[in-house]
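In the part that follows, the structures are each spelled out as structure tokens.
In what follows, chain A forms one complex with chain B and a second complex with chain C.
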Partner chain A sequence: MSLFGQRTVIDIVKAGGTRPSEEFNADKLHSSIVAACLAVRTPEGQAEAIARDVCTATMAWCSTKPEVTSSDLRRIASRTLQTHHPDAAYLYKHHKLIV
Partner chain B sequence: MPPTYTNIISLSSKGVRPKGLIIMAQKQQQFDYDIIVIGSGAGGSIAATLAAKDGKRVAIIEANTFGGESPNWGDVPTKALLHAASLYDEAKKGMRFGIRSSMLGYNYPSLLAWKDLAVKRTGAGGNRHYYEKQGISAYHGIAHFLSPHEISVSRRHLSAAKFLIATGSHWDIPGIIGLDKLKYYTPKTILSLNKPPKSLFIIGGSTRAVELAQLFATFGTKVFIADIHDRILSSEDEEVGTLIAKLLSEQKGVTVLTGTRILSTTKDGIMKRVSYLRGGVEKSIKVDDILLAGERVPTVDIGLENAGVDYSAKGVEASNTLQTTQRHIFAAGDVLGGQSYTHSAMLEGRIAAHNMLRRTPIEPDYTATPRVTFLSPEVASVGLNEEDCLRRDLAIVKSMVPLSIVGRANVSDCSDGFVKLIANKKGQLLGGTIVAPHAGEMIHEIGLAIKYGLTAKELSELPHAFLSWSEAVRAAAAKLG
Partner chain C sequence: MNPETLLTLALIVACGLIHASYQLSVSVLTLLSGHAIGKKTHFKRVLRLSGSYLLGTIIMTLLLITSAVYTTLHIFSHSGIPLLAWAIVCGLLIGLGIATWVFYYRKSTGTSLWLPRSMAQFLTKRAKTTRDPAEAFSLGLSTVIAEILFIAGPLAAAALLIPLLPSTGWQLVGILVYTLSASLSLGIVWILVGSGHSLSRIQLWREKNKRFLQFSGGSLLVLLGFYLYTEKILFAKAVLLGGI
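Then we have the complex of A and B:
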């Protein structure tokens, strides 16, 4: 059972279209936001709270769309994260370039 | 419909292989469709029809009801009810002509049935078969770009060589404190109420807001209309807003709150309380319902980033030929964030279709696009208004004649209104505004004069029928000439 009690199935079309689509997993998004927050030394509790808010906002955006791309998800999540923690948002947005 | 390989096979079986033709056929087969139109409103519908007539494989996608906003929830239902309201209002005032109307009443459910009939009779609302009959594939669902040439509609992936974005616009929900905790209406939803509310607070002084204010006030609702600007209908000339506010408050008992900022909304028992700031004083009003009719915002949340199309909250960025930042994607209608009129969207739909189908691009000409507010009296304008001329630093001359000077005002016992014309120093007409019964019909002669560069003198030389409201146009033109 997902942390967010997710009911509707949202498919994520992977970047480049080379890999098959996968079902949206709110827990996976939650973990990635927590990881981004922790990487910029955010306290664990705060990171969890931010991740919960970001996931809720992202899922609200996704609710009317049965299929979105992984870059859509990253864009929407980082837009919400930006308001909570700009440094974590930068890291989340550009992690491929940074890592 | 998936492409077939018949043409290639038949050519190769005969041993004839015109190289260019096969390459062309293979190129076409890369996509499911030649053109996909996103949105079946005024702009999208006309473009899809023109493209299908041109022999292209076309698909149209609609997220809501086929036909879009105007025939389903916008112009058509509002005007159908406004027509009924105007008849009711005229009949109520019939006593001065010797018509007994003291027993006059209305049945709101029957009025709603009339509105639904008017919507049904337009043929656009929900008419999916209209497109299918023309060989256009119609899909129902929210379109979302996955890549520049591919969209997803209800998990179905569709690709096309070219796209037209005609997703239109939707009512903006302002970030007023407490609004998310109570029920409110937009012009799209308020017409489905099964009885007029006892009191209604309208936030916004746009064309639709003023039309609905008059509609509900005619049927007995106590209406408050609040706008942040110093007048309602702020896109029109100053005289228009002032006159309409006066007529609404004197004849319909509407409270017009101009220069008002809404602070918060709260629940107060079964009613709602709206707090606002006006002239530095904070006040609040208790009402039954709230209507949000401020402004419309373009519907751009369709994955445009995945397509590489630049946009902002104001709309999709497009060139004069309606081409977006992606050469194969065009846009038309309200999504461009310009003029929010059905007739402008139709014009843009036609232009976009031409530019998608032909090599020589053309540009839409908005010079004489009329703007009409269907009140009684109607408000219509065309071309530049006084503020536009000031902003452009144009040297102008203007004339304004009241309706009372024409014979029709006497025989109809109606003198609320005017005709205002603006011309340059040479007398060439630049703009015009009419507040009069049937102003929506009268405005087109001024539009024609503006489009073809006629002078006020030339317009005044045209005989206008005695006892027609148009005599006021001639009089205003004669004053300038």
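Then we have the complex of A and C:
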């Protein structure tokens, strides 16, 4: 059962185009936001609350679109996360640009 | 300790610091710690994982420098180090210095390095899935190998300098000094992570200062190359020709 209690029918087009599209999974987004918050030593409860807000805002943005790319998702989520926790947003946004 | 031994040790430290300015190991340590903390891993376990990773890089650096010194001693034990060997190493240092200036970091934001993207993705994936200290140790070993293209310069220079030290004991000191100075940046990041500093602050500092690190690493390589060329080739030739 999804944390957000709804089945969203938005296709996520994966970066690079080599992997097939997948259905939007709010729990996956939630876990990645929680992980980014925890990585910058945010208390667990606060991390969960921030992740919930970010997921809600991202899902609202996605709801009007039939398909979005994974980069769009990351961009929108990190923009929302920026207002809640700039440090976590920085890590979330750049984690693929570290190596 | 005579001044010549001191100078050789200082040059070995310079080689080690140039090695330390290369950032792949630090990037992978940042990723490894970030993923481990993000997965709610107990902090002691995070320290064990990152400590094993650090140990892996130290051991691989030690193995590489020891092998390089042994090879130098084996090949040039009777004749001494020929000018050609110094010339090759000087060329390597200057070439790698220019390569560091030009393409060590990618032009994108973040701290993306020169590595082929497939290799970078592999290291990122390995860092993300590492759960065991033994895995972290082997990741440390392979990260040093992945950066061999750039660390070959300071490593080769140190491998020619260490045999110039007066005794086997001093040569062992030279090997240890190189290994410790080459692991300095990684050790500092490990201490920062261990003392509770935010990973994003560390990463932000690295991103802000990446051009400085790139410029200083490249410049030190070029300077070291010119210095060794003057000291070991031009000066030796002048002595041979009886000019000095």
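Heads up, the rule we're going with is that the second predicted complex is superposed on the first by the 97 of 99 C-alpha atoms of A that agree within 3 Å, B and C clash if a C-alpha of one lies under 4 Å from a C-alpha of the other, contacts with A are read in each partner's own complex, and residues count from 1 in each chain.
The rule we apply is simple: a contact is a pair of C-beta atoms (placed from the backbone, for glycine too) under 8 Å apart; a residue touches a chain by one contact, two chains touch by 3 or more.
For clarity, every value in this text was computed on a predicted model and none was experimentally measured.
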Combined model on chain A where chain B meets chain C, clash or fit: fit
Partner chain(s) touched by A:A36 [first = chain B, second = chain C, both, neither]: second
Most chain A residues touched (candidates chain B, chain C): C
First (chain B), second (chain C), both or neither touched by A:A57: neither
Chain B versus chain C as contact partner of A:A88, first or second or both or neither: second
Degrees between the directions from chain A toward chain B and toward chain C, using C-alpha centres, nearest 10: 120
Contacts of A:A49 with chain B and chain C, given as first, second, both or neither: neither
Distance of closest approach, chain C and chain B, by C-alpha atoms in Å: 15
Chain B and chain C footprints on chain A, overlapping residues: none
Partner chain A, residues of chain B touching it in the complex: 141-142, 144, 146-147, 152, 154-155, 303, 305-306
Complex interface listing, chain A residues touching chain B: 11, 13, 17, 64-69, 71-72, 75
Contact footprint of chain C on chain A as seen in their complex: 34-36, 38-41, 44, 87-88, 90-91, 94-99
Chain C residues touching chain A - in the complex, by the definition given at the top: 24, 27-28, 30-31, 33-35, 37-40, 108-113, 115, 120, 123-124, 196, 198-201, 203-204, 207
